[in-house]
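Shared between the two complexes below is subunit A, which has subunit B as its partner in the first and subunit C in the second.
And now, the complex of A and B:
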């Protein structure tokens, strides 16, 4: 079979699977599926940032900026919800742009600590200012997505299935954009900035501008993920975006591996399934941080290149076999 | 303008109490291969770092076509037409050979993120690829274009460093010890390539320890010692210059 045909069948199969998936799940599992979809966008946007070699600890707070902004636009200013989500994403990107001025005076470990501090400052501002951020209790009764009808399917956003489909389209579109960026000359320049910033500079690359660009784009999509979350659960508070979630994002990215586009997504999906299905069944989902810690240590020790390396090895072996068959046929 | 293409004017670099380069001046002519030599620690690489914008000089100026370029960040110097290579094999080892050369085309084909998402930059991408492949072909690397740069042999890695610079189509190449670690065969081949580059209109300034290569290649040579200007002239002149022979002492047998 030609490769293109196999590929399109695989994509079609994946889409059908994703569309059919919620119907085989319980109500609470459907809710988890929505969170998982949003988290996939969060971790995929995080990877774009890591392409330039900088790891941030403020990504989840930036997601929160998108959530707060979108919620406030909808609630206080009466902006139509899907529009407010986009505006929330833009706000997160702009905040990231402002933060990039002090933060990109630092690199590596110092950037990591700086981004954590910047994130905590934002979180403290939410706690401190009851108006408009609602203080420690956050924002409640955030306007839900308005229901609508597209002919063959009517979206009722009280149902997690409807919200799942909506999130799937938004996240799918975002992943497509992230993928296009990564495979473009812009993505190549991100890699160049990561591996040899001096050499990149000598080829005329404005290294700081590209670091900023990656940070801003990643933050925009994180903000979009936050906005999706806010209008789904209807209530957000500063603790929804604390460092615990950030550690989960890091765990997903590290366990999945960050060398490929799908690595962090794989990590997010596998660990979420593990957590929600296996641990919940066994009745100790409360031990999630402990288990995640163990998984992180084990994966660093035994699978240092992440889950993606398993997939890569499998693909390589299959390609090798196909090559060998072709060779013997000829 | 030919006589004052790239001017180094009274350049000084101090690191704390140490004066690495002390009042150095010389002029590189357009279309020349100009060598910068001197014993270890003479300040050659420091000078290079100042010309390329890696260091900001303590005082003095570097001028290209009469315009001051010293003190500008490295990417701005590159955009004005001065592109450097690095000592050792500084490459994007994780990227393929072709991708390395594509990074070199950055200035001529500026990536545009919106065009990239929509896929309307295909013409630029093709142009960049053609430019990159041209540079790879010039240095005989086209056969390896899909291999990771880190897996190339040492000589090929050095050549790739120059191919990345060439893909940028600079007016001035700054080559930092381009022949280090090459065998005589490779050195000889590289020398002919550099002459070809010069004949196509490029100006080359190189720092090198391989006296054989320097003497055979350069039109003009500037000698530094302890951060100061020592002598200047054609290869024959430098070879017989008493100050140069004295500065090299133990190395004198190579020079003489």
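And now, the complex of A and C:
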């Protein structure tokens, strides 16, 4: 079979699977599925940032900026919800642009901790200022997505399935944009900035501008993920975006591997299913963090190149076999 | 007003003492092994639970409980070095994730063994030193201050005067060159990990009677310790102590005169300002980290 045909069948199969998936799940699993879809966008946007070699610990707070902004626009200013989501994403990108001035004076470990501090300051501001952020209790009763009908399917956003389909479209579109960015000349420059920053600089690349650009784009998509979350759960507070979720994002990316586009997504899906579904179903409620911690340790010890390396090895072996068969046929 | 200032300064001195014990251990581990130990706050927590078990439950002497805490947490540190950080020596991000995984394991073990409720540790002594009507220093807090001064001085002497100390500093400066001089990196890593973990354990054990001991107590300590080592300059032990004192002064005063959340915001903002002005911290050098 020609490679292109196999590939389009694989894509079609994936789409059918994703569309059919919620119908085989319980209500609570459907809810987990919505969160998982949103987290996929979060971790994929995080990867765009890591392309330039900087690891941020403020990404989840930036997601929260999108959530707070979109919730406030819709609630206080009466902005139509899908528009407020986009405005939330833009706000997150603008906040990231402002933060990039102090943060990109630092590199490596200093940037890691500096971004953590910047994020924590934002989170504490939400906590401290009741007006307009609602203080420690956060914002409640956020306007839900208005229901609508597209002929063959009517969206009722109190149903997780409807919101899942909506999120799937938004996240799918965003992933496609992120993928195009990575494959564009700009994306290739991000790689250059990571691996050869001195060389890139001497070739006339404004390294800091590209780092900022990656940070701003990644933050915009993180903000969009936050807005999706806010209008789904209806309540957000400063603790929804604390360092615990950030640690999860970091581990998804590292356990999945960041060399490929799908690595972090793979890490997010596999670890979330293990943690939220398998360990819960097996009745390990209290031991869940223990087992999750052991899984993290084992995965970095025994799979240092991430889950993606398993997929890559499999593909390479299969391609190798196909080549060999072709060779023997000829 | 003067008395309030004096009292706040004493409180800050106490905070600076246990914070510098934690931060110096963190710096030592980072300096020698190049890994950020996210589980450092949980080593602090282990030390505190050592006091819960040996002092509060088994009724042994407080200082004996602390000594056991030091050795036990130090041994946990040795175990971490052997099982996690040595296999991941060339993989700093892997070391980071492994320490996060270990943090979750320790928290879960503490929650399973002791429950998530805070433990009550009876006060070691009710004695209070009164400087005036309104300026007091509880003796348990004095113990923390004395322990910090003694232990940090001993560490300083060990690093500057003994051969092990020389080896340790050499491998912190340049691991490859040190290895070429016949210094065993495994050996220096073991020592650094034992000392670093032990200091965190002692800090946790000494403060146990004065704080709420619970499985998640390490979180606020590690955040403060990160701020301190960044402001001091990663890899600089002197910087960590100076920054611990400065941070504790600012944090305690702002907490006293405003509130705790504003104090956290001010502390974090000061750290950002230091990083903006000098991106490698006050005592840091450019090539490290």
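The definition used in the following text is that the second predicted complex is superposed on the first by the 325 of 330 C-alpha atoms of A that agree within 3 Å, B and C clash if a C-alpha of one lies under 4 Å from a C-alpha of the other, contacts with A are read in each partner's own complex, and residues count from 1 in each chain.
Following the convention adopted for this analysis, a residue touches a chain if its C-beta (ideal position, glycine included) is under 8 Å from a C-beta of that chain, and two chains touch if they have at least 3 such contacts.
Being a predicted model, the structure only gives us computed values, none of them experimental.
If you put the two complexes together on subunit A, you find that subunit B and subunit C both fit without a clash. In the superposed model, A:181 makes contact with subunit B only, not with subunit C. Using C-alpha centres, the superposed arrangement gives subunit A a vertex angle toward subunit B and subunit C of 80 degrees, stated as a multiple of 10. Greater residue coverage of subunit A by touch, when subunit B is weighed against subunit C, goes to C. In the superposed pair of complexes, A:157 makes contact with neither subunit B nor subunit C.
In the superposition on chain A, A:128 makes contact with subunit C only, while subunit B stays out of contact range. Judged by the touch definition given at the top, the superposed model places A:286 against subunit C, while subunit B stays out of reach.
When the two complexes are overlaid on their common chain A, residue A:254 makes contact with subunit C while staying clear of subunit B. In the composite built from the two structures, the nearest CA pair linking subunit B and subunit C is 15 Å apart. Subunit A residues in contact with subunit B (one complex) as well as with subunit C (other complex) do not exist. Those residues of subunit C that touch subunit A in the shared complex are 36, 84, 87-88, 91, 93-98, 100-105, 107-109, 111-112, 219, 223, 226-227, 230, 234, 261-262, 264-265, 268-269, 271-272, 275-276, 279-281, 289. Residues of subunit B that touch subunit A in their complex: 52, 54, 73-75, 78-79, 83-86, 90-95, 99, 102-104, 106-107, 109, 111-113, 116-117, 119, 121, 124-125, 128, 164-165, 167-168. Across the complex, subunit A meets subunit C through its residues 55, 102, 105-110, 112-114, 116-118, 120-121, 124-125, 127-128, 243, 247, 250-251, 254-255, 286-290, 292-297, 299-301, 304. Contact residues of subunit A toward subunit B in the complex are 177, 180-181, 184-189, 191-192, 195-196, 198-207, 213, 217.
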